[in-house]
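Presented below is the structure to which this report refers.
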């Protein structure tokens, strides 16, 4: 069923700033509006499964895109890995000392009786990647009892920013904007599965502009915006 | 129209098992506190559903346990004055009074202004019940029931919270209602004066049972009922016809035994009245006494003497066609040698037969 | 202990402005429905805070508008029988009765068993108020107030919902209370019989004002107050000493004007009693009548004649040292030529002076 | 106001008002009926109904939203039936947001009204029926006016809840600006990205202001009603 | 039961019970006091208090959680004071989860109790004071027993809400298995991964069962109380 106005994009909530910017640029360029509904990837995927009138889905997790793909809810061949992100360790305060994770820094000791905050380590992507990274660095078992999990990355950031917890693991794109924290280490690329935001056109979409906008997301203009917000554009690496 | 009541019911330890007939007119339920009067009225109203029995009003069966008949309360067309008021707190006095008009077709019935005037609640119409005094509430409750154009009036101690003057204003109204309509009234009161004045039928209750029921003047003038009624309530009725309104304010009536003088009775010449005379207001004399302030002296014959356990005696007399009761001391009964067949004179102070004990012949 | 009340207050259109003294004993507030009786009691209890005035109990100032004194309700040590019961629905009858004991130090006071027995509520102790009959509720409310060991009893129509027999059981108890303790009792009732029997002081109210107040027997025997009291309530008191208990159950008393015979009076020989005699129970004669069933005939002298607008007249008499009132017809007053100074005889039916009108001399 | 809010924020405010208003208004009669039945009737399955009513309170909102999606979504049993039969669509429309808000607020509303009904003296209702009022009329003329303060309390609780409802709404009808993005969803969006706090705070203040205004209004109405009953 | 639940799930169940129980039990007296004050007293700032009480209902839970963090966190004004003075710590402790649940449930509790208090006839309280009961005793011996059904209703609403509370809790004290991971957090976390539905459903059923049990119990107690009052 066609929707009355323009294009409807379902996107992971963490993309709000960038996508709002890109949609604005697109409108300036084409005169066409894009409506974006931000929510958790799981909600959005389920809504699409239940017939939501979305044209494009951008997920924060590969799993939910896989889920829709196996349910044949996305247009064959349209799936693409749009963005990447980096995982970083942050500490409270602007000028916290760097931590060298690869050199085997004792994170547990640094924490003392404080907490390491992460997104939910079994379900929210940032948490899952974080757990993988800590495990591969051999740190997980020592810090597991000090990990406090939040339902999203922003909540983790808030806990560190407010000083409630000394350290946290978040995306680089989130850490950038918060003045109350400093990035004290980046996790090595190989320590966790690649962080990927896949996108695809929804199978039921009939909007003529879906393809155009989806392509625009991979344009150099969009790339600038993504980079400026701390994301890593992965254009042209589509796997569909 | 007549109400026929027969049912049995239990609450906890208390069991109720009653049967009586209430013809048109006022049927008084009389009995001690806790004897089951309110429960009987509630069953007739349909607020209690008895376990067994049958209640019929005129041709309509309101309740029949065997035939599983049950007319819902709101279809019974009642006017119920509750023992505890139960005014609607969210409605003004006027709205309380006219509440039933929202449901019943507007029939001629009682005039609003008349009822309100008689109850003296004209000044309260726009107020809400919460601020009313006890007696004011009760008057509004009476008005509400009267204005419901009921086929059956249930009144549970309606006048208990009122002063004598107010009672004296409302009682004649109830009497008129009794006289002019054929709706049965079930009336609970602890005041024998009220009962004696209003009741055409009397139902004596005790511990959930009907002890005695029948025409009020018969029940009241039977010396055997004195213990059940209480001595102060015993009395009998004279029947008399209004003959003259005299200029000093007295009314002359003619009873079968002789003339009677009462303070002004508001009844047309020729009207036949029933005058309740309490046993304790009668003095007896073997000779016709002279020079007494009491104006009413009737020749009578002793028909029965009932000596109580105490110092008192109840004498039943025949005065003309009527029976009278007199309560005197046993000592006087002996001194005057009062025995069945003895002739004597009954002295009634005219003023003792006060306005409130004169009623249209029932 | 004595209660002194003087205050003014307004609710909406109604303004209350009263002042009276209530000495130890029973002070009856008497007046029409809506005249402000309950409001006065509420002000004394502290449930209404008047705009101006002063209320003092014994030495304690309960309220003084000028000096901004205000004793909170719970420190006033009251026993208040409300016009509408107000039993605690969540407590059993027993708990309702003993409620005040949770707060007041356990003083000797009234015995629980005695009060419960007198009120006939022994069988109800474990029940909850919701299932009680109207009269049962009222009796529990009376018990609750009596058992509070109050310094001041406030009773708002406490007996209105009760039958005569029950009243006859409770009244002597209240009389005893009046005799044995010095706590003032403010008592509202529409029953003149109750008021006449219990009250030592009488406060007549009308439209929020005190019309008349003073010693009950003076107020009641003043023919000027007949209109305010209602004719059926007017009466006076004889003072008499118990001399013999006779074997036929009568008690012989000696008044200053002569002997009196009453149905058994439960008082020791030599006790001095005050006997209320209603004006309408007195018959007058210019000559000593013979052969009457009435046993009590006292010589008397007319001291005042008050002719009403109606056919009646009120005659004040001096019998020995006491004043009596008689209500007769105007016609008889003329026929008997009753004028101040005239000698006559007052005929009292002994039984008309019933038990309930005999009280210890106030 | 429109000046310092973006059009999307502005539409979130008006949408929230619309959603909360209709959620409250349409569920109120149902709430009164359910409360009445729970307070005054005995029937088989009463406790099941009671449990059902409370369910949205017990379940995490996401679960409620998901269940709504499964039931009232386009593919859901009830949803497709309603669409085919009445052309009524909840999925991804503001009507769906209203449904979610109504469902989430329902237990609060019912509890408040039920308490009020239980406090009404059945003796007054009896008195009304002796005066000829059928059960329906008794309800309208006696019970309802007497429970008005409770109904108002229930409605305001529901409205406030609807203004704040987020989890079930976003799960059921997503977060589409101008269509299903209510104030709380908009707040959520801002809280999910760095630097959105200030804008979120702005919206929070608007939400609080609206709800408090409604609250004050309800207090005032409730008090007026109570005063009327306590005697002019 | 322990068999088909993982230890973490099992601890989420027991923790949720503990959190909800204490949240309800400890906030109940405060709720009664606040409800009483709102129902029966007039004072300056009453409407402010009223608004404050309702705030958690109006605000999205995340916001409430965030505000709790700012206030009761270790660095928060109240939080640091409590820690220094009483050694009472909320951050990352189950006590914090209980606090969050209590705060979120508070408006529901207060509303229910307040409605009940408003329905108590002040004439009964007057009668008690004439019998020597000071205002405190009047409350304990008359008001409180009469509002018991309302208090129970308020408590059960609060308990159910606490069992379902998620947003504010996870924002304030995060999700630490065994310490702050309540049932709703666990459910949420299962719902975030594809295929987690079955396990989520299992936990949902447990949550529902517990809350319904509590509900039934409260109905039963409430009814017993009401019956006692309506006469043996």
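Quick notes on this structure:
Here the chain labels run A, B, C, D and E in written order, and each chain numbers its own residues starting at 1.
The criterion applied here is as follows: contacts are C-beta pairs under 8 Å (C-beta built on N, C-alpha and C of every residue); 3 or more make two chains touch, one makes a residue touch a chain.
Protein names from UniProt, one per chain: B, C = Molybdenum ABC transporter ATP-binding protein; D, E = Molybdenum transport system permease.
Since we're looking at a predicted model, the values are computed, not measured.
Path length between chain A and chain C in the touching-chain graph (shortest route): 2. If you take chain C and chain D together, the chains in touch with both are B, E. Looking at contact counts per chain pair, the maximum sits at B-C.
Centroid analysis (C-alpha atoms only) places A farthest from chain B. The most distant chain from chain D, with centres taken as the mean of CA atoms, is C.
Centre-to-centre, using mean CA coordinates, chain D is 20 Å away from chain E.
If you average the CA atoms of chain B and of chain C, the two centres end up 26 Å from each other. Work out the mean CA point of chain A and of chain E, and you get 35 Å between them.
Separating the centre of chain C from that of chain E, both taken as means of CA atoms, is a distance of 57 Å. Multi-chain contact residues of chain C (touching two or more other chains): 12, 84, 127, 131.
Residue positions of chain E with contacts to 2 or more other chains are 62, 66, 166-167, 188, 191, 232. Touching of two or more other chains is recorded for no residue of chain A.
Inter-chain contacts, as defined above, occur between A-D, A-E, B-C, B-D, C-E, D-E. The residues of chain B lying in touch with chain C in their complex are 11-13, 31-34, 38, 83-84, 123, 127, 131, 133-136, 138-139, 156-157, 160-166, 190, 192, 230, 232-233, 248-250, 261, 263-264, 280-281, 283-287, 289-295, 310-312, 326-333, 336, 338, 347, 349-352, 354. Taken in their complex, chain D has these residues touching chain B: 123-124, 126-135, 137-138, 141-142, 145-146, 228-232.
Interface residues of chain B facing chain D in the complex, by the touch rule stated above, are 45-47, 72-80, 82, 84, 86, 88-91, 99-100, 102-104, 126-131, 144, 148, 154. Put simply, chain E touches chain D in their complex at residues 47, 50-51, 54-55, 57-63, 66, 107-108, 111-112, 114-116, 118-119, 149-150, 153, 157, 160-161, 163-164, 166-167, 184, 187-188, 191, 200, 204, 207-208, 211-212, 215-216, 219, 226. Of all residues in chain A, those touching chain E in their complex are 40, 42, 45, 63-64, 66-67, 115, 117, 120, 122-124, 147-151, 155-156, 158-159, 162-165.
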